[in-house]
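One structure follows; several queries about it will come next.
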């Protein structure tokens, strides 16, 4: 493999990993703070992709505005969903949470089927991001993929700043380590949970929106990304955003280079990675010890 | 309560199952056959979830592996040996369960749920994406296996064979439940730490339960493959894993008959929701919607399942 | 320190230390336990008593130091292996199995050492080995008359007795008892103290307790811990007269209020 190809694959790996990070960080936040295992998280990703499909004609070239609109819509949706449904899951056993959120997936899948059907769709790349840039003498790299990575990094930095430098973030971190204490301090825990949940949904949906022009928009995409984000959370440790980042990038590299070297068997690569981590450090690479 | 009283209801059920084909259409008999196979599958998960407290979201992997092994172990155009294909199915499923269990049981709680799901997905990929086992289209079982005079191609014999398998599985689990091993599993379910403090090596007990459950799921899979004459990767999908988990909750966790009841209820509900004549065209084509809401309502209102409902109704009498 | 024999102690720890990040919850603790001896460990909240017991029972690995059972280094042994070797433990918070009968609780505990899990056709509740052991343990703990009761319905004091019974059912040589008197009224405390006095005759007992009166009544030897370290280890009379101990316990000769969990 020559240097240019290697570089391209590295960029692909990072881009895929960063996108996963967005989804996984939402998942790990929701579990870490509220203690809910949410199987429907992949559906939010799918919803984001379909949202992009639906909104693209309306916004035309204003891609960034569309992303913003999508984030706001999905955050609102997440807020309402938490209020109406998820808030009832917090005190329940994991088994019940699994079943309820599994049922939610079924509902979401059918709603999507009713609203937009079961076809595979494409979302056009906005013109100003459609070019390629040269890498070395023979290879080029799509601008959009670089944009995707940049967008994910920007969101990651914003997430870091919010969690570590704001009052809201302080409450989130406190809630992650000690739920009862936070309640005892008089912080409106319900409101906090709603915001965190809305944030988690928005992160997943944003990832779906960003991913839409690169991969097609198809019915099974939610399930696929869900299981991979579970693997990321297991490797990185529940509740750890930095762990999610490290694990996402690891998974990105294993998957991308796996595809290059092992073609059709590459799908099992990330599970082998997970198996290795389980043998070595069952609590996750950077777990807070849930 | 003396032992024989416990046996009356199951004995009657077996009798009823044996007599059913006489009075039902071939379609309905086939449905009952499907329910029985799924009941074995559900019973195997009950051992894990209901008896040991291990919530696995990847149980379909063992089901699917068992099914595939029947086709893989059968010659392409002749009948395979029934004993061999079943042994292959159960053995392969148990083998994978040993590997998955050994790794997954190093985790607990939510991690365990996610890890079992991931390992099942790994198996799914192997069957779906690679050409090792026919890829996403699946493979056909061209000739049903035989063993001496027994021919699984004969629908009648197949039916009675499955009744026997279901009775065997139920009896086995009932025995396990009241044995020392079963009591230890129950203790692990209630308070694993206490069991360790008493001197139990809980890891090995859980692993044993995991492997037995996997083997029984494999048995169910072999029967399904023989019944349907074909296998496809969707048997290992997480939707299948979710479905079997649903079955045991629907029926009532912690009861063997709950698993059987749940398998029947789930299958019948799916049939119901997908029949235009009963729910109208729109809902029939979007049956997952109705199913989803039903599940939510069930878990919210009847967390103890149908068995719980029956007990409450019985208890309501003065 | 009074010892009943000068032979190898049944249970001993040497320089046991446990750190959590920068904090040393237990520092350089050494003690020895001999048969027919009741050794009490007392200390203020946060003194490290729970951490110490967890390291002795095998639930928590030490950062430094060794644990020895009958002279054998068991520092690396997991808890269930230590339990099988004769190290029994009861817990501060009640850990009985509420849905099982009192008898079944003990029988299950007894089964651990005699498990033959492959004999799956045999009923557990009529097991000829674990059953009698459980009966003896229940009798020793004074619970023989409530054997068939669902343990979840027992009174708090009876649950604490069951906790001990389950420990006895594993036929241990050493008993690690973590605040068995927690939350008990005076009558129940009296019964428990008589039980402890009986237990002392056949086992080595390490007792972690808050109730000073109780401790001074039954202990042959008392170790006092403050902030993770041992400040004194001697006979009850010597401890009572020890000025450092008096300073540490100024005004703390009260029993813990019933029903209140004392974290430490």
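Lettered A, B and C in written order, each chain numbered from 1.
Criterion: a contact is a pair of C-beta atoms (placed from the backbone, for glycine too) under 8 Å apart; a residue touches a chain by one contact, two chains touch by 3 or more.
Given the structure is predicted, the values throughout are model-derived calculations rather than measurements.
Identification of common neighbours of subunit A and subunit C yields B. Measuring from the average of all protein CA coordinates, the nearest chain centre is that of B. Each chain gets one centre point, the mean of its Cα atoms, and the points for subunit A and subunit C are 48 Å apart. Centre-to-centre, using mean CA coordinates, subunit A is 32 Å away from subunit B. Here the spacing of subunit B and subunit C, counted between their Cα centres, is 44 Å.
The touching residues of subunit B, counted against subunit C in their complex, run 175-176, 178-184, 186-187, 190-191, 193-202, 205, 208. Those residues of subunit B whose C-beta lies close enough to touch subunit A in the complex are 49, 55, 57, 103-104, 106-107, 109-111, 113-115, 117-119, 121-122, 125-126, 129-131, 238, 242, 245-246, 249, 253, 286, 288-289, 291-296, 299-300, 303. Residues 31, 37, 39, 88, 94-96, 98-100, 102-107, 109-111, 113-114, 223, 227, 230-231, 233-234, 238, 264-265, 267-268, 271-272, 274-275, 278-279, 282-284, 290 of subunit A are the ones touching subunit B in the complex.
Per the touch definition, subunit C reaches subunit B in the complex via residues 57, 59, 78-81, 83-84, 88-89, 91, 95-100, 104, 108-109, 111-113, 115-125, 127, 130, 166, 169-170.
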